[in-house]
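Residue numbering begins at 1 within each chain, and the chains themselves are lettered A, B, C and D in the order written.
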Amino acid sequence: MKQIDLNADLGEGFGPWSLGDDVGMMQVVTSANIACGGHASDPTTMRKTLLLARENGVAVGAHPGFADREGFGRRLIPLTMEEVENLVASQIGALMGMAALVGVPVDYVKPHGMLNNWAAGNREASDAICRAVKAVMGPDAVMLAVSETELEHAARDHGLTACSEIFADRGYTPQGQLVPRGADGAMIHDVQQAVSRLLGFLESGLMPTVGGAPIPLNAQSICIHGDGPNAYETAKSLREALESDGVTIRAFGGGRT
Amino acid sequence: MKQIDLNADLGEGFGPWSLGDDVGMMQVVTSANIACGGHASDPTTMRKTLLLARENGVAVGAHPGFADREGFGRRLIPLTMEEVENLVASQIGALMGMAALVGVPVDYVKPHGMLNNWAAGNREASDAICRAVKAVMGPDAVMLAVSETELEHAARDHGLTACSEIFADRGYTPQGQLVPRGADGAMIHDVQQAVSRLLGFLESGLMPTVGGAPIPLNAQSICIHGDGPNAYETAKSLREALESDGVTIRAFGGGRT
Amino acid sequence: MKQIDLNADLGEGFGPWSLGDDVGMMQVVTSANIACGGHASDPTTMRKTLLLARENGVAVGAHPGFADREGFGRRLIPLTMEEVENLVASQIGALMGMAALVGVPVDYVKPHGMLNNWAAGNREASDAICRAVKAVMGPDAVMLAVSETELEHAARDHGLTACSEIFADRGYTPQGQLVPRGADGAMIHDVQQAVSRLLGFLESGLMPTVGGAPIPLNAQSICIHGDGPNAYETAKSLREALESDGVTIRAFGGGRT
Amino acid sequence: MKQIDLNADLGEGFGPWSLGDDVGMMQVVTSANIACGGHASDPTTMRKTLLLARENGVAVGAHPGFADREGFGRRLIPLTMEEVENLVASQIGALMGMAALVGVPVDYVKPHGMLNNWAAGNREASDAICRAVKAVMGPDAVMLAVSETELEHAARDHGLTACSEIFADRGYTPQGQLVPRGADGAMIHDVQQAVSRLLGFLESGLMPTVGGAPIPLNAQSICIHGDGPNAYETAKSLREALESDGVTIRAFGGGRT
């Protein structure tokens, strides 16, 4: 039986501002990476997003990022490893506080934007993130990492449960890395093409690559994007196409649908 | 055996800025109300302060306040009761995240500045604070409240453990309220006078008042101030004077000294 | 010849977030109240908005507000009068810096949200705002104020040029005040009704009231709203209806169209 | 007649926090680099600092920095060149607004911390800063730059008046650069040694170097530090020593003493 999770970054508004269609996306995804007040969000936005996740039976991930709202966590802020620990621990803590207030469990952690990109290729930063996650959420914590990154390896080495994600709309190199944006084959704009790649991968465990043979990847989740002009429609089409082909869409934690 | 706790607001720096002499004060108090990133502090400042508390065997209180660093939490920000819950839950959560990271328990909660003043006279705000504390820290949580305030009453009604504090340097009305700043007898500037009042209170349970008979007050802690020009010396003198008169200075939780 | 200005609050995004359809609204209004980094905006958002105003020949107003992005300047922050001066002077200065950078003049000032509401009924706050405006923009500065408010009176008394605005979608009391939101007649939801009221006013100088006779109002501008689901379409219909009835839509400064 | 200016970074508090002894330092320096709300300060702190400068007849410099209070402008935030322009223009504008409010002229600009370090070695960033300064302050603006840096060269090429500063407490390489912190000879801790080097330089125009012959440097100002444990005493000793040797301490603008 083919089964996969769909995750997206949600709850990324701030004060009067919103970003993307959280109400729609929550009906499509099975896991929501919820901003923790660093790159986006505030206590009231966290609450609203957590309640939306609960209403839709969506698993909750803490989504810590650089504390840089103006740059939306997409700029590298040069932190020490101790500061990375502090950033992650305090942001996960804030979301856990809000989650306790509304009675929703926090199921996993996925770093945001540039923090995630940095960790993907930097073992020290990944170790710092893992130390914070383990200290705050305990040794059974789940890390959602991009497949084949330093963060995924670090999570395993720290004894955490590592779940891996692939991207619905990105091409891969024969080494299992994402084709850099701007290069040929980096983006897969056509939903049908994206779906057929994903179906092939779910059956065979092999992902096509640009300029090489298909490669085996490990993945429990597909990352989709919650912003952009047609994010909801694209996400919905993707989910429906997968389901009509017999794929069960289910949170990787397994406890929710 | 006479016994009391000494508490002060600490860890109220931010980024490059510090406030008061945390290193000195941590050697005097038995309970530290530690700012949570709302009116003051940031993850790195929290960490430093938590470690300082641990080194000195000082109990840790979460000290949430209005998220208004420029006003240092001393201005009333008109929040809804749901926003009060969110503020308190997220700030306690952030400190608990940092406390988990460095392996220090969070022992109690004391609201900061105007949030505390507001709650003192407003049952709705006190209820909102208590709901957040109970949800995040559980039903065994301890609230440190000014003696005879709505917050103290609310904490009891919510099933929390309420501990009460009195002020070393403030006069009381016959109704058990603080004499308003500016009025005669509001401030007790002389340390010896402050000590003799406190010793009298610790023996009799009765506090002198301005313009009336002494009144019974309930108190497990004495609040002292960590900023101001001679805060450390004053605090040290107060502690030494109390100890030389046979008072044991011990955290109200009892578990620490 | 009937002539009026149309103004709206624009440039109220922040970092990755936007609010309303600035591109559309800039094609409709003749004056843009541009956020200055207090309740909304940041340097890059200011630049983008100023350039959009220039492209569309729209007059630029500085739109200072309480420095409270999370509350979008809609909460009363209890400032001293000196702090009000500082808030307004620094925010106007920031926008003037950006306007100088892109070569656009700043034509007037209109306070935002709760700062505007507060000033409308509070002469002291209005005086503080006027002192700041006069000091920073000089004695020829123009203040755009709600008709018949303390701010309008204060601006005149400080020797500033006061321009008055009325609201397209709000009802008036016989005393010339806005009918409070929630009361009967507070909101005029129908565009045609709004237009016919405005046309009547532009011909006669008299505005209908709820429960009384029409009253004379002074107005050089009509305030329309840039957010809300159909803001652009509503604004466009309003402008077209006014123009088709022979009203010239022109910035109150007169220098632009 | 030997003459030089003394400058220091001042007004670098925020909300309830202060940094260094501004009251003392203002009696020693002739030019104050005043924080503009980016890396430090807020409108009320700017006002207080500007008034202090006026009381002491001290020239005022706008001191823009990365908008990162938590990192105090000492971390490199990766901005585009357009964002550098926006940062500088809006911060200078904010200080000019405050300066207009209290009736004090802004005499020059000196970038802060990492922004200054970055510009020192990066011509593009220097150009962006110069474009903003020229647009906001006009073609007669004065830039205070570290001697022999890209910023100094850029300021001249943009037609601005470039004034150069040297450091009282830092060693120089034979190429005219600062000896990197941590290397031998980087810091000059002894005030008498610092003074004798400065006196020699003021007489000969030649600065000693580490490992080479003295080199000619251009300098209208000496940068001293306003924070640190004995900043005021050190600065005062330095000024007194220079004056007792016949050096006139005067703002480089010349208009003030």
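By our rule, contacts are C-beta pairs under 8 Å (C-beta built on N, C-alpha and C of every residue); 3 or more make two chains touch, one makes a residue touch a chain.
Note that the coordinates shown come from a computational prediction; the quantities given were computed from them, not determined experimentally.
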Shortest walk length in steps over touching chains, chain A through to chain C: 1
Copies chain C and chain B - interface residue numbers shared by over half, same or different: same
Whole-Å gap between the CA centroids of chain B and chain C: 45
Distance from chain D to chain C - Cα centre to Cα centre, in angstrom: 40
Sites on chain B at which at least two other chains make contact: 70-71
In the complex with chain C, residue positions of chain D that touch it: 37, 43-44, 46-47, 82-83, 85-87, 89-98, 100-101, 103, 131-132, 135-136
Chain D residues within the chain B interface of the complex: 13-19, 40, 42, 69-72
Touch list for chain A against partner chain D, complex: 67-68, 70-71, 75-78
